[in-house]
Every structure is written in structure tokens, then in C-alpha cells.
């Protein structure tokens, strides 16, 4: 019977895409009417349905071997609005559904309505806004119209910002306001770009625009300007270094379940649109200089984010800065697209998936640890490994994916990027990837070396986490870790719906020797050395009275780094850098094109 | 007939425009807020009224007329209320007219830290 | 038509002058007053651009309600404004930003001058398919038929925005009444206005929704007017804002979008696509959706201005102090 | 006729522009509000003139909207605390102490 | 130079002015105002594009009301911008009430502050 139902669903074809679009929206609206303890369960049921829908769509895309299309209201673009799910969208939908389901299970406890109350502020806000984020991001993945995507981005932002301020402390309020204003600046720049596209071509549909742009003999001046404005606007929402002014306080200040969603999913929505712009809308316009500007920012993000993460004393801030670094990997793919766009796109998509699972797990693990200890100071984590073995294990496993150790998804990403970098002769990318992995290893092992040893806590924990919470965190971490073991055909799903590239098979060629012993060992031994170094440093620190200023033995460079980070996160400085980026991108496209 | 109506329009609209000018001059030249308020409410209501009157012959009957007159009536109503509201707001208790320009703002009665002391 | 150009030039100068004032004014309140005037001028500009529907939206929402919001905020924030100027970025930074902003504006201006001629447009396609929707106003046709999904998502976006505003209350305040619009100390004029104006306003609002199918107007313009009237009544102390936990209010908030989705889903069966209307019933269905959306958007706009809820004792205290 | 109406609209806009000097100069927020109010009425007048002159339909409804909402700026002014900076010199209520110069 | 072009140039200037205000004005309310300026500039540009797009209608002899698609999108955009302003304003008022400040500049302690505090 299930099989029959499944077959019926597959027959729906493009109509299936309406489900991920509307399910969260209906949930958001109905959640306002649901009272009492039902609210959390209602949301959970919805998330389960959503996961099923995402799975069906992925199956339909995979079995049909082509993208699903749907014209809303029966009106064809340019007049109407179209939806499309190619392999990339299907994978993103599925990832979103999995991560959100994990968060939904985790948050059952923290955002439960206490018995006897109709609702509480936190519970209503969290569950409705979670649905809002879900609806926004699904629309981003499916929409084919630049303006519909704008509304979807706003839905995402409006739902994400209040989650940051949910605790109501003044520093989270300030973080939320910064986030909102900077994100609004980003959306308005994006909208300006879309307006210029309409003024030039008279349509907002991505596919139609792509044909018009590709077919034009000379590029109208509006196109590079619009592309630069849209890209930078989206960068501000994705918080690529140096536009990261709001990310650390916002992601670290939100409740753990919200941090997980913000870090794992929300920043990826705007990144997905950058992919759509540069790979679908105007692939020809991605000049090497423009791509290298983006790649250089990504590289800087990896090094800077990881180094600053190493300086953090609070666990959640460390994870937030690690997000900053991991976003950098997403942008390394642009310079590689010159060699093979399918390799670049596969690496980007894998990084999105791997980081989403790993980071959600790590933020929620940090939340459990903080709830149990009553704080999240890294230097005082002693004994949490005994109290919360599963949670600390999940944290570590998630970290392994961030480092890029086999068999994690991160390992595939790093293999792809490194190999493609060597192929295209961009050695600096290779070096950055390796260095980023080692820096990640350093702070991960530092945290673990604080958390694992030590006796069971003498004092009873502040709050005993539920087993279900610990298990779901572990499950998400395992998703990230075992992602690399998926068969290559799963990676092929990403290619569906893309124009058949001349380099098809490039991905499998690069991944083919990823599992040789040589490669595995080559990825492992530097990490082991870092681990040994961290342990040695820690041992030495234990012998001497600990110096309070943190992890780094090199004091003054570290302070300088903090100063630099502080400077970059000043509003006017970030604004100036944003303008510089717009100007630079226009420049590269005008000159390079 | 057309000519007469057009002439009427020209005269009425010109008069209305002059009233706007008068109102502006009053707003700029009168010494304090209350007298400025006086100049403003008189001038702009009459100005708008004359403009509306002048436009009537040019509008399509009867819907256009209703619309124009409704605009004027509403403007009259809100103009009267605004005058009243602003007058209440700026009237100093002792009719003190030597206000310091751009005095620093003070606590809003609604702000939580302004404990009720009146 | 040079005289028209003179009017346009005067408008542009006024708009730019006010924009300068809004950017450069010393105190936020003065800037907010400038913004109210600025919105009014933009309304004129929209009329000059032959976009009457947009002009109405700008008048009601862009100038009216936004102005109310900003003026209220400026008043509340005045006590904290004192040392803002010292936090201005340094001269070098400001000059750099200024130069880059000017460059971006110049680049945009160049792009505007170089826009293709004849301009690409969907106007003919919109007009050609309009009879199928039963509507006479092409803008409403775009909003309710061709790009119905944008309108749907937009009406949905308002809900998280409202929840965002509500979530900024304290835990204690939850379930109470919104606290931004406590009744003002009552002279005689305000309650009078709040008694006389709303009948007109409600008439105009409903007229805009109703006429919007064929003439300029529509649910957003109408809803903004209705919300403004509701706010006036609340500010004058004639009605209290409803508590956020009020069930009827919750229902009104979501009825419009839900109705939209429901009719859209029925379209799968009846017209072959989500958000499509069977041609015979297109107009009544669209009017039904518009009616639902008007209710919901009015409620959301009013409540967005009414602010986060406060505990009942605080609400009563505020009201007493101000009356 | 069209030229005359457009000219009248430009003239009224010009005069209320002069009135904007009040927004710049103040001194109080009430004076700024007055200028905005004048601009409102003048704007409605100019709008009606423009509408009739250029034959754009439904302009009187836009004017109706503007006239309907014209009072809201002042309502916000009275209900918010905008008045406080005007009346502050005289209005020395204990709680609302003004900062020393 | 037609009036429509004039409005287009005005829109470009508004975007530039708003960007400057958003970046350089320290007060958060001023930033919100500046955001609204940029937004109105973008919408105005869209309106100019709509008006230019009406040219085909004039040629076809069905009036010259402009391209309705951008006009409809501007209406949507205005509503979204209002919602954004409402959240921003409420957040700001709440921030000012809890921490007695109305600005975002220099408000955050540098990252290592906590460890510095412990050292002294």
C-alpha cells in the first residue's frame, strides 16, 4: 500500500514542489491557533511530513533523471512564476528537512509549553519562526523568480532575527538588531540588482534571463552592476569574511536550537542564491578575477575564522567563529569553477550538507553541555566527558567532519577542492584547505582535551539532558561523519537538471582515489601531529599554573588578531568593506569581460 | 461657456495658490509656534478649498466632484484637529515664549525609567 | 511639455532636499518628521509616474503608517540620543564611504541613462491575459493571478514579523496587551477626531478593496487605511488593543493567507494548477481572497504598530499616567 | 489650461518648499510638524492639479488618502513624546529631567 | 531629458544618500530611516522602469499607464519594507529600554574582554 501511495505521489510530478513550499507556511499559520503542549508535537508532525515530502521529491528527481518543473497558477514565465527542483535543490531540501527534524526533536524539551499554560512567549515564537525559516529556505531552493526569491529571503530573515533575541538580554538584542539591519542592507542591494535585470530584459525568471544573457552579443552595462549588487547583498546575508560583523554574537547568543538552525541552514539560503546566480543565471560572466576575489575572501575567512576561533574562551563563540571559517570553504569553489563547474558545484553542495549536519550537532551538543554545567567556558569543561559521554562524542564526531577526516563529508569536500586546485594550478587554495583543517583540529582537540579527562562532576548537573536529545545530536553528527560513505551515485544526483557538461565524470575521477590507503593516511597524519601538539601544550599548562589569557602561547599576535576582528566588526568598517566589494566586483567584470 | 469656466478655474486656482504663499510666509516670518499655527491653518484650508473649487469645472460630474469635495472636507477636518492638537501640545503653562531653541529632549512619559512624579 | 518637466524637477529637488535632511539632521525626531513629508512627496512622484496603485500604497503605508512608527520610535528614543554624535566614525572613514557611495550612485545613474530603448515590458502580455482573470485593474491581475505566489508569501511574511515584534516582550508580559499605543492624555480634539474620522476611513478603505478589482486600489491600500483608523481609535483611548492571546484576533490574523492557500489548493482540482482559478469563477474567488487578506493585513499592520505586549498592571499604569 | 494647471502645481510646490525651511530651522519639533502639515495640504493641492492636468484617473482618491492620513503625523506627535522637547523649558516635571547643557 | 529620466537619476541619488546614512550615521533609528531611503530609491527606480515599459502600451493605443508588473512588485516591496521597519523599530526600542542606548556603534566589547577582566 505504501508502494502504491509512493507511486501515486511520483505521478504528481511538478505539483510535488508545492508541498515543501506550502507545508511550512500552513504550519506557521496554524501554529498561531494551536494551544498548550500540542504545539511542539504539531510542529514535529509537520517536520516528519516535510521530511517525507523531501524524500519523495529527491526520489522523483533521481528516478526521472531530470529536474521537476512547475508553473504556479498555470502561468508560464515571464508572466508567471515557476518552481524548479534540480538535483541540487532536492539535496538541499532533504538536508533542510533532516536538520530541522533533528532540531525539532531536540527542542521538544526547551520549548515545551509548561502544563496548565495555553502558551509561552518562547514556545510560540520558536515553533512559528522555525516554520517561517523552513518555508523561506524551501522557497529559496525552489524559486525561479528573482522577486519571489527576494520575498523568500525576507521571510527567512524576519523569522531568523527574532530567534537571536529570544533570550531578551541586551547583548542578544543588540546582536539581533545588527543582524537585521545588515541583512536588510543585503536584501535591498539584492532587490536593486533584480530591478536592474527587469529593466534590461523585462523578466525576472532565472531560466529566461540566462538565455537572454547568454544570447546577447554585447553585455548591457546594467548586467555587471546588477550582478555585483546582488552578489554583495547576498554575501552580507551569508556573512562571508569580512562582512561577518553580526555572525559571532548572533549565533553565539541565540538559544542552542536556534543557533543550530541559524548556523546550519539560514546562512546557506543566501549562499544557494549566489550559486544560482553564478552557475545558472550567468555562468559566462564569472571572470577569473571575480572568481578569485570571492575565492580569496573565502580563503581569508578560513584562516581568519579558525585563528579567531582558537582564541575563544566560550564554547558557543568558538563554534560561531568556526562557522565563519566553514563558510569560507563554500567560496573556494568559485576559482575552481574555471576548471570544472561540476566539480566546484559538487564540492560546494557537499560542504553545505556536511557543515549543516555537523554544525547543528555541535551547537546543540554545546547547548546540552552548557545546560548541564551552567556555563560554556572552555577551560572549565572538566568532567563533562564523563557526565555527558554521548554529547561530547557527538561534538567530537561533528568536529571530525569539519577537520575533513575520512570518512566524513568534509573529507570529500577537501579531497575535491584540493585535487581541483592542483589540477588548475591554484596551489594557494590547496595550502589554505590543508591549513584550515589543521587549525580546526587544533581547537577541536583543545576542547576535547578539556572536556574528556577529569572525574565525574562532584556537583549535580544544573539540568539533566534527556537521552533523546543526546541521541539526536549524535545522529546528526553521524550523518556528517558517514556522508562520505554514500555511493557515488548519490553524488550524481547533484548533476541532475544541470546542462550536460563536457566534464561529466570529472567528479567521480577525482573521488575515485579518495579511498586509497595513501590518501587516507595523508589526510590523517598531520591531524595526529596537531593532536599530539595540543596534548603536549595542555600537559605543560597543567604542570605550570595556567595562564589565564587563553589558548595561544603567542600572546601579542593573538591580541592583534582580536583587535583586527574587533575593528572589522565595527559597523562603519564593515559597511565600507561592503561598498569596496561592490566596486571591486563591478570593476573585475567590466575589465575581465 | 467653456471659456467662462476656464476663467473661473484660473481665478480660483490662482487665489488658492496665493493663499498657500501667504501661509508659507506666515510660517516663516511669524515669531512663535502658536501664531505660525494660526497662519498655517487659515491659509492652507482656504488655499486647498479654492484650488478644489477651481478644479470643479474641469472634473467629470458627478463622481469627480464628490471626490474633490470629499478631499477638501477631510482636509478641513484634519486641519482643524491638527491645529487643536498642536496648540494643546505646545502651549506652555505660563505662556512662556522664550523657549531655548533645540532644548535637549527629555524623558518620554512612557519610558519605564520615568517614574511618575506628577 | 516643459511645464510638466518643471513640476518634475521641482519634485525631484524637494525629494532630494528632504532626503538630505533625513540623512544629515542632528536629531532623530526632526529626521522622522522629514520622513513623513518625504513619503508625501513620493506619493506625488508615483502619480507622475502614472502608478496610482503604488501612489496609494505609498500614501497609506510608506508615508502614513511608517511615519507613525518612526515618529513614535523617535519620541521614545530621544532620551538615549544624547551622546550619539561622539560615536560618529572618523573623518577619513566618512570621506571614504562618501566617495564610494557617490561612485555607486553615479554608476547607477549611468545604468539608468543606458537602459535599453525601447524598454522591455510585460505590459502587453498582462493586458492580453487579463480577461481570463475577470479583473479590470492590471496591477491587481499581477498581484492576484500571474504572481499570486508573491502576494501569498508576502501576506505570510507579515506573520513572522508580527511574532518577532511580540517576542520582544518579557516573559511576564506575554498574553497582555500591546504597550506602544497606550491612550494619550486626552485633550478634546483627539477623541473627537477618533470618532469622526473612522467612519470615513472605513468607507474609503472598503471602497479601495472593492474597487481594486477594476480601478486603482486593492487590499493592501485598503488594509493600511483600515489599520490607521484602528490605531487612531486605540490611541484616543476609545478601544484598548486586544491581548496577544486573544483567540479571535489570532484567527483574524491567519484567515486571509489560509483562505488564499485553500482556494489555491482547490485550483489544483478545478483549474489544473496550484493558485489557478477556474475561469468562470475567477473574479468572485479573487474577491473572496481579497476580503480575507484585507482582514488579516489590517490586523497585522495595526498590531505591528501596537508593539510588544506588556503585563496588565504596567498597561494600566501607562494608561493612567497618560490620561 | 493644462499648462496653467501644471504651472499652478509647480508654484504651490515651490511655496511649500520654502516652508520646508521651517523643518530645517525648527526651532521646536512642533514647528517642524507644522511645516510637514503645510507640505501635506500643499501636496494634496498639487496632486489634484496634476491629476486634472495630466488626466491620470483616480488621483482624487489618492488625495483622499492623503487628506485622511494628514492628521496622523500630528497625532503621533502628540501621543509620542515629541512635544516634550518643545515644552521642556517650561515643562519641568520632576521625573523628566533635562540634561544640563 | 524627460521627467521619467529625471526620476531615475533621483532614484540613483537616493540609493547613494541612503547608503551613506546607513553606514555613517551612528544612531540606529537613523540607520532605519536610511534603509527606508535606499528602499524608496530602489522602488522609485522600479517605477521608472515601469513607466518606460508603458511605451509599448502607448504604441498599442491602450493608454499609457506603465508596465503593471513592476508596479505590483513595488506594492509587495513596500509592505515587506514596512514589516522590516516595524521589527527594527521594536527591537531598537527594546534595546534602548534594556541597555539605555540607541546606537550600535562601539557597543560590543572586543572578543577577549572576558579573559582580560579575569586577568585584572
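Note that the chains take the letters A, B, C, D and E in the order they are written out, and that residue 1 is the start of every chain.
The working rule: contacts are C-beta pairs under 8 Å (C-beta built on N, C-alpha and C of every residue); 3 or more make two chains touch, one makes a residue touch a chain.
This structure is a prediction, so every number in the text was calculated from the model and none was measured.
Visitor: With a step meaning a move to a chain it touches, how many steps does the shortest path from chain A to chain B take?
Guide: Minimal hop count between chain A and chain B: 2.
Visitor: Which chains, taken as a pair, are joined by the highest number of C-beta contacts?
Guide: Counting C-beta pairs in contact for each chain pair, the top pair is C-E.
Visitor: Name the most central chain, where centre means the mean of Cα atoms.
Guide: Measuring from the global C-alpha mean, the nearest chain centre belongs to E.
Visitor: Which chain's C-alpha centroid is most distant from that of chain A?
Guide: Result for max centroid distance from chain A is chain B.
Visitor: If you average the Cα atoms of chain C and of chain E to get two centres, how far apart are those centres in Å?
Guide: 14
Visitor: List the centre-to-centre spacing of chain A and chain E in whole Å, with centres computed as mean CA coordinates.
Guide: 27
Visitor: Indicate the whole-number Å distance between the mean C-alpha point of chain A and the mean C-alpha point of chain D.
Guide: Comparing mean C-alpha positions, chain D is 48 Å from chain A.
Visitor: Roughly how far is chain B from chain D, centre to centre by C-alpha average, rounded to an integer in Å?
Guide: 8
Visitor: What parts of chain E, by residue number, touch at least two of the other chains?
Guide: 15, 19, 23-24, 32, 45, 49, 52-53, 69, 73, 76, 80, 83-84, 87, 91-92, 94, 105-106
Visitor: Which residues of chain D are in contact with two or more other chains?
Guide: Counting only residues that touch two or more other chains, chain D contributes 26, 33, 35, 61, 64, 68, 71, 75, 77-78, 80-81, 84-85, 99.
Visitor: Find every residue in chain A that makes contact with two or more other chains and list them.
Guide: Counting only residues that touch two or more other chains, chain A contributes 79, 147, 151, 154, 158, 161-162, 165, 168, 173, 192, 196, 199, 202, 570, 572, 575-576, 579.
Visitor: Give every residue of chain E touching chain C within the complex, in rising order.
Guide: Chain E residues touching chain C: 1-21, 23-27, 29-30, 32-34, 36-37, 40, 43-45, 47-57, 60, 62, 64-69, 71-76, 78-87, 89-94, 96, 100-103, 105-106.
Visitor: Across the complex, what residues on chain B touch chain C?
Guide: The contact residues of chain B facing chain C are 70, 74, 77-78, 81, 84-85, 88, 102, 104-111, 116.
Visitor: Under the definition above, what is the set of chain A residues touching chain E in their complex?
Guide: The touching residues are 79, 147, 150-151, 154, 158, 161-162, 165, 168-171, 173-174, 176-178, 180-181, 184-185, 188, 191-192, 195-196, 198-199, 202, 248-249, 308, 311-314, 317, 548-550, 558-559, 562-563, 565-566, 569-572, 575-576, 579.
Visitor: Within the complex, which stretch of chain C touches chain A?
Guide: Checking each residue of chain C against chain A gives 89, 93-94, 96-97, 100-101, 103-104, 107-108, 110-111, 114-116, 119-122, 125-126, 129, 145-150, 152-154, 156-157, 159-161, 163-164, 166-171, 173-175, 245, 247, 250-251, 253-254, 257-258, 261, 265, 267-268, 271-277.
Visitor: Give every residue of chain B touching chain D within the complex, in rising order.
Guide: 6, 9-10, 13-14, 16-17, 20-21, 23-24, 27-28, 33, 36-37, 40, 44-45, 47-48, 51-52, 55, 58-59, 64, 67-68, 70-72, 74-75, 77-79, 81-82, 85-86, 88-94, 96, 98-111, 114-118
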